[in-house]
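What follows is chain A paired twice: with chain B in the first complex and chain C in the second.
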Partner chain A sequence: MNVELDIGAREDVPTWLVYGTPVFTVLAALAVSSVALVALDVSPVAAYSVMFVETLTSEFGLTETTVKAIPLVLTGLAVYLPLRAGLWNIGAEGQLILGGLAGTWIGLNVSAPGYALLVAMFLGAGVAGAFWAAVPAWLRAKYDINEIITTLLLTFVALNLKNYLIRGPMQGGAGTFPQTEQFSGAATIPSLFGNVHAGLLVALLMVAVAYVLVTQTRLGFEVTFVGSNPEAATQAGISRYKVYILVFVIGGLFAGFAGIGEIAGVQGRFRADFEPGYGFTAIVIALLGRNGALKVLLAGFFFALLIVGGSSMEVALGVPAALTEVIQALVILFLITAEFFKRYSVSLRVDRDPGTSPATRTGSDA
Partner chain B sequence: MVGFVAGLLDATVRAATVLMLAGLGEVISERAGVLNLGVEGMMLVGALSGFITTVVTGSYWLGFGVGILLGMALALIHAFLCISLKSNQVISGVMLTLLGTGITTFLGQQWVSESIEGFPQIAVPVLVDLPVLGDALFRSTATDYLAIALVPVVWYFLFRTNLGLETISVGEDPEMADTMGVDVFKMRYLAVIVGGGFAGAAGAHLSLAFSQLWVPGMTAGRGWIAVALVIFAQWRPERILVGAYLFGLLDALQLRSQSLELTLGAGAPLASLLNPVLEFVFHPTIMATYPYLATIAVLAYAVIRTRSDQLAVPSALLEAYVRSAVVPVMDYGNPHETVHRVLRSQ
Partner chain C sequence: MTEEPFLRMEDIVKEFPGVVANDHVDFSVRRGEIHGLLGENGAGKSTLMKILYGLYSQDGGDIYLDGERLELASPQNAIDAGVGMVHQHFMLIPKLTVAENIVLGDREPAAAFASDGGSDGRLPDSLRTNPVVQALAQRFSLGLEAPESRIHDLAGQYGFDVDVGAKVWQLDVGQQQRVEILKALYRDVDLIILDEPTAVLTPTEAEQLFESLQQLADEGLSIIFITHKLQEVEAITDRVTVLREGKKVGTVPTADITQADLAEMMVGREVLFSLEKDPVEIGDPVLRARGLRAENERGIEALSGVDLTVREGEIVGIAGVSGNGQTELAEAIAGLRDLTAGEIVVEGIDLTGASPRAFVDNDVSFVPEDRLRYGCAADLSVMHNATMKDFRNGQFGDGQFLDYPGLREYAETLVEEFDVRGVHDVTDVEAGELSGGNLQKLILAREIHREPDLLVANQPTRGVDVGAIEFIRESLLAQRTEGTGVVLISEDLDEIMDLSDRVLVIYEGEFVHETVPEEADRGRVGLEMTGGSGEDGVEASAEAAAGAGEAR
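Right after this comes the complex of A and B.
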C-alpha cells in the first residue's frame, strides 16, 4: 500500500472554511482542554457549564465580562492595526503599563475641573503608550530592526520601570504597600451601568475609529497595501516609513487607553503587581480578528468571557484558572493549523497496490 | 569586600547556567532558521516534569532526562507548525510559551509544597581553594559544569562538523542547501528539537539544582532573556558564554546592590547632582532592565554600524522553506565540500 499526501496551493478559500475556522478552532481547543480537566478529576461538562453558561446567564458574569473586554478590545486593536501593515506588536502589554503609569501620574498630580481631568489622563496615557510603541516602530522603519524582538524586550523594560516607580517615587497612600495613592472621585471613570465603567464607550469608539481608518481612509488603504505587498506598495509611491510609524503610534495609543481605563475604571489605584497580561492575550485576539476591527471586538469579548469564566470555575470547582491560558494557547495552535489548510489543499491518495495500473486495479476490486 | 565579591561571583555563575543552557539551544535552532519564542514555556515544562520525576523516583538524573525529553516534545510541536505547516514562527513560539506556562500552572499546583533532594554541589579538589574564584567556579552542581562544557561542544558541532555546517546552511540559504542535497526539513526539525531539549534542560536545572523546588512561573522571564542573549551574542556559542555571565552578573548585582554604597560622599563635589542619578542607575529594579536594553543596543549598533547583511543573524530566520516544484539536485561529490560552497556563496 502506498499512501501519498498531495499538497497544493489553493486558488481561493471556500466560504465555509472562512467562517467556520474561528468556530471550529474554539471548539477544538475546548475539547482538547477537557483532557486537562479529566486529569484533575473534574467533569469537563460541569467545568464548561460554569465557565460559559453561568457566566452568560448571570448579571455578575455579564458585567464582569464587559469590564474585562474593555482593555482586551483596546489592546487587541493595538496589535491588529500594525498587523494590517504586516508588523507584529508583541509589546502591547508594555504600552498598556506605560499608559497606565502616565495616566495615573496625571490623575494624582493634576487638578482640572469636571471631566477635563479624565480627558487629560486618557490623553497622557495615550501619548505614553504611543511613545513606547514609537521606539520599535522607528527602529524598524529606519533601520529595519525586527519589531517583534524590540517590542517584546521593551515590555520587560516597562514592567521593571513600573516596579521601580510604584515601589519608589510614585508610592503613596496609607501604610507601606507597593501602590499609589487612591484616585480622587474626579480621577475615577464614572460608571455607565452597574460595575461597567465608561471606558466601554472609549473602547467602542476606538473600534469605530479603527474600522473607519482601515476601510474608509487613504491611510487605511496604504496600510493594507503595505501589509499585503510591501514591495509593490513602495513601487506605488507609498511611504513605508510613514505607515510603519503611524500604525504603531496609533496602536500604542489604544494600548495606553487600555491601561488607564483599567486603572481609573476598575482598580482605583496603581498597584505594583498590576501585570494583567492583556497585551499577550491581545495577540490571540488580533489573530482571530485580523480581518476587521469588528471581529477584534467580538474576539475581545470572547476572551473576556473565557477569563471571567475561568476564574468563576476556579471558585466553584477549585480548578486552577490557568486553564484559560491553556485554552488560549490551543486556540492559537488550531488557528495556525487551520491557516495551513486555508492556504493549501491537502488530499490523501492511497494506492493499494503500487505497480498495477488503475484499470486492472478497478478490475480486481470488482 | 572579598566576601562580597566572592558571593557576587557565586551568584553570577549560578544565574548564568540557566541562560547558558537555554541560550545554546536557541542558537542551534535560530542558526537553522527557526526562531523559538517558546523557550520560556519549554523551560517551565522541563522544570515541572523534571521535578515530578525526581519526587516520584528519587533520581534527579532521571528527572533531568525527562525534563529534556519534554522540552523536545514541545519543540516538536513548534517544528511541525513552523517547518511543515509553514506557520508564523513568532505566533507559534508565543503560543508555546502560553501553553507551557498554562499547563504547568494548571497541573503543577499540587507539587508546590513537595521537596526533593536535587543535584548536590560537587567541589573540584585543589581548585576550590582558589581565592575569590574558587567557590564560585569549582563548587557547583553537575549541571553547572555541564552547561560550561556544552559551550565548546556546540561551537565545535556548529562550525566543525558536517551536520553543524548543514544546520547553518539551511538557516542561511535553504534553497541553495536543498540544491546541494541537504535535507532542509530534516535539518530544521533536528535543530528545533535539539534546541527544545536544551530549553528543557535549562528548566530542569532550575528546579532540580538551582532552587530545588517547584513554583509556578519560576522561570520568571529567564526564557525571554535567553532569546535576548542570543541576539546579544550575535548567534555565536562562545559569546553566549560571555553574555550569560554578563547577564548573570546583572542578575546577581540586582539582588545585592542594596548592600553596596554606590553613591558619593556628602562632601564630594557634584554629590548633590550626581547622587540621584547614581541611585537611579544602580537601583536594583532599574538594573533589571539592562539585559533588555543592552540587547536592543547591540541589535541597533550591529545594524546601524555595519550593513545589515553582515549582521550575524541567519539570513533565512523567520522564513518558512517552501520547496519549489522543481529542485535540481546537483552532484558535487563530497557533501562536506558542498556545504562549504553554500556557506562561501553568502
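Right after this comes the complex of A and C.
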C-alpha cells in the first residue's frame, strides 16, 4: 500500500475555513486538554461549562472578563503597532509599569478639578510609557540595535525601578506596607456599569485610533511599507527612522494607558508586587491580531476570557492553577498551527499498489 | 538522428488551482545535446523543469532518463539520478563561503578523517578507520581542502573567476550565478538544467560560458537551456522546444529556423525587433555628477571618481561587466548610497548628501536592479506598490489622511496603461504574485508616471520575457522623447547600442571608454568592458593599445 502526503500552498482560502479555523482549533485544544482533566478526575464538560458558559452568562464573569480585557487590548495594541512596521515590542510590560508609576505619582501629588486629574494621569502615564519605548526605538533606528533585546531588558529595569520607588520615595498609607497611598475619589476611574471602569472607553478609543492610523493615514501607509520591505521603503523616500520612532512611541503610549487604567481603575493604589504580565500575554494577542486593530480587540477579549474562566474553574472544581495555564497554552499552540492549515492544503492519498515503495511527497508552490 | 533520446518526458500534466501550467507536454533531450527551452514568462518552462528536478510532482505523465522511469520525490532524487539545475533565483546562503555553498548537502569529512589513506598523520590510523569515528566524522566534520581545490580546478576549467573563500553576500549577482553553475558541475550530473544562465553575464562571459557548455556537451553531458534570448538559442542550442500557455508549440532543429519564426512561435504573433528612435533635441543637463566616489558593501571603493552628465532627452547607456561599480553608481545617483567624495546636482539643485526622499521629491526616478529586494514590497498589494512614491502627492488628500479610493484608481490606471497582466483587483493581488515581466512593467509604470526629470534604470529588462522587453524599451524611448534624462545601465550590449544616444563603458569603478552607438566598435567596447585584456592575446592587446590614446 502506498500512502502519499501532499502539502501545497492554497491559492485561495475558502471563506468557511477563514471563519471556521478559530472555532475548530479552540475545540481541538479543549479536546486535548480534556485528557488532562479526565486524568485528574474532573469532568471536562463541567470544567468547560464553568470556564466558558458560566463566565459568559454570569454578570460577574462578563464584568471580570471585560475588566481584564482593558489592559490586554491596550498592551496588545502596543505590540501590534510596531509589529506592523516589522519590529518586536517585547517590553510592553515595562512600558505599562512605567506608565502606572507616572500616573500614580500625578494622581497622588497633583490636584485638579473634576476629571482633569484623570486626564492628567492618563497623559502622564502615556508620556512615560512612550518615553520608555522610545529609547529602544531610537537605538534601533539610529544604531540598528536589536529592539527585541533592548525592550525586554528595559522591562527588568522598569520592574526594579518600581520596586525601589514603591518601597522608597512613593511608599505611603498606613503602616510600612510596600505600597502607595490609596487614591482619592478624584484620582479613581469612575465605573461605567457594574464593576467595569471607564478605562474600557479608552481601550475602545485606542483601538479606533490604531485602526484609523494604520488603514487611513499616510503614516499608516509608511508603517505598512516599512514593515513589508524596509529597503524598498527607503528607496521610495520613506524615513525608516521616523516610522520606527513613531510606532514605538505610540505603542508605548498605549501600554502606559494600560498601566494607569489598571492601577486607577482596579487596584486603587500601586502595590510593589504589581507585575500583571499583561505585556507578555500581549505578544500573543498581537500575533493573533496582527492583521488589524479590530482583531487585536477580539484576541484581547478572548485571552481575558481564558484567564477569568480559568480561575473560575480553579476555584469551582479545585483544578490546579497550572492546568488552566496548560489549557491556555494549548489554545495558543493550536491557533498558531491553524494558521498553517489556512495557508496550505494537505491531502492524504492511499494507493493500493503493492509494486512501488512508500513515498512521502512534499512540495510547496508558494 | 534516430538514437534513443536520453531524457524523455511524456504527456506531462501539472495543474495549479485555476491554471494548467503544463498541458500534456512531451519533451525529449538527446545525449550530448544542448536543448533550448523557450517561452514567455508563465508559459510553463519553469514548472516543467521543476518537475524534472523533483521540486514538483506531476499530476500525470512519466519521466524516463536513459530508458529508466524516474520517480522524483525530491531534488535529491533528481541529483542522484544525474539531473542538476541552476535556478534563476539563486539558491545560495549569503553568510556561507563559496566553497561551503557548493558542498552543501554533499559535504566531505575533514581531511584528518579521510578514509582513503593519504592521511597527514595527525590521527593514528586505528582511530581514523574506526567505524564510529568515521560515522561521526561523516556527520559532523567539514573538510574543505579537497573540495576547494576541486572547485578551483572546475572554475579554472570553465573560465569562472570566483574566489572560493569569499562569502556569497560579498559577491555580485553575476558571480553568484557562476557559483550556482559550479554547484551543479561539482555534483557530476549527466544532465544540467540552466534557467536563464546568461541573464547576468556580459557578452564576453556568455561566450565563455557557451564554450564551456559546448565542451561539456562534447563530453556527453546533456544540457537544457532555458532562455528568453533568441540569439542565444541560435548561438548555442542544437534543438529548441517552444512552449506557450502550458502547451508545447513544437521542437525544431535550431539550424532550420529563424529568430523571427521562433519569436512568433513563442508569442503567437509577430514581434518587432527594430526600435524606432525619433530624433530628439537634447536640452540642458538634468544631472551633473562630479568625481563620485563610493564604497561597496564590503567597504572597498567601488566608484573611483566618476563624472557623469545627462541632458534632457538623452539616454546615456552604461555598459560593463557586472560588479564594476554599476550598482553603486545607480544607487549613488538615485540618492541611496552615501558618497565618500564628489557632488551630485539635479536640475541645478545640489543634492550631494541629501536623503533618498529629497531625490524622490526632486523628480529622480529609479528602477533598481533587484526588483524584489528594492523595487517593491512583494507581500503588499499592487495598489501599495503602484503608489509607493506618489502616496505623498497632494492629489491623494492633504494633511495626514490618505485617499485610498484615489490610490486604488491611480493604481488601476497604471495597470491599464502599462498593460500589467495578472491583476484582477489591485488591492487583492500582491506584487510578488506577478511574473517578472509584469512586475517590472508595474515598477516602470510607477517611476515613469511621475514624469521624472531623471530616470535611472539598472538592468530594466533582465529576466523579462520578449513581449515585456519590447514594451519596456519603447517606454524608455518614449521618456527620451518627453525630455527626460535617462541613465540606462545594462549588461546587454545590444540593448545599450539600440537605445542609447551616448555609451560609456565602466570598468573597476571608472569610465574607461566613451562612444556613440553609430560609431561604436563592438569588439572594442567588449574589450574595454573587460579591462582591455581579453583572451585573444596579441591581437586584443594590440587593439587595446591602438585605442588607448582616445580612451583614457
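Basically, the second predicted complex is superposed on the first by the 293 of 366 C-alpha atoms of A that agree within 3 Å, B and C clash if a C-alpha of one lies under 4 Å from a C-alpha of the other, contacts with A are read in each partner's own complex, and residues count from 1 in each chain.
By definition in this document, a residue touches a chain if its C-beta (ideal position, glycine included) is under 8 Å from a C-beta of that chain, and two chains touch if they have at least 3 such contacts.
It should be emphasised that the depicted structure is a prediction, and the values quoted were computed from it without experimental measurement.
Put chain B and chain C next to each other and count what each touches on chain A; the higher total goes to B.
Contact with chain B, but none with chain C, is seen for A:R167 once the two complexes are overlaid on the shared chain.
Using the contact criterion defined above for the overlaid structures, shared-chain residue A:A329 touches chain B, although it does not reach chain C. Once the two complexes are laid over each other on the shared chain, residue contacts for A:G220 go to chain C alone; chain B is not touched. After overlaying the two complexes on the shared chain, residue contacts for A:T234 are found with chain C alone; chain B is out of touch. In the three-chain superposition model, chain A touches chain B and chain C at no common residue. Note for the complex: chain A touches chain C at residues 6, 10-12, 215-221, 224-225, 228-229, 231-239, 356, 359-363, 365.
Chain A contributes residues 36, 39-40, 88, 90, 139, 143-146, 148-150, 152-154, 156-157, 160-161, 163-164, 167-168, 280, 283, 287, 320, 322-330, 332-333, 336-337, 339-340, 343 to its touches with chain B in the complex.
Chain B contributes residues 37, 77, 81, 85-88, 90-92, 94-96, 98-99, 101-103, 105-107, 109, 216, 221, 224, 227-228, 231, 283, 285-286, 288-289, 292-293, 295-296, 299-300, 303-304, 308 to its touches with chain A in the complex. The touching residues of chain C, counted against chain A in their complex, run 16-18, 55-57, 71, 73-74, 334, 336, 355-361, 366, 368, 373-380, 384, 388-389, 391-392, 400-402, 404.
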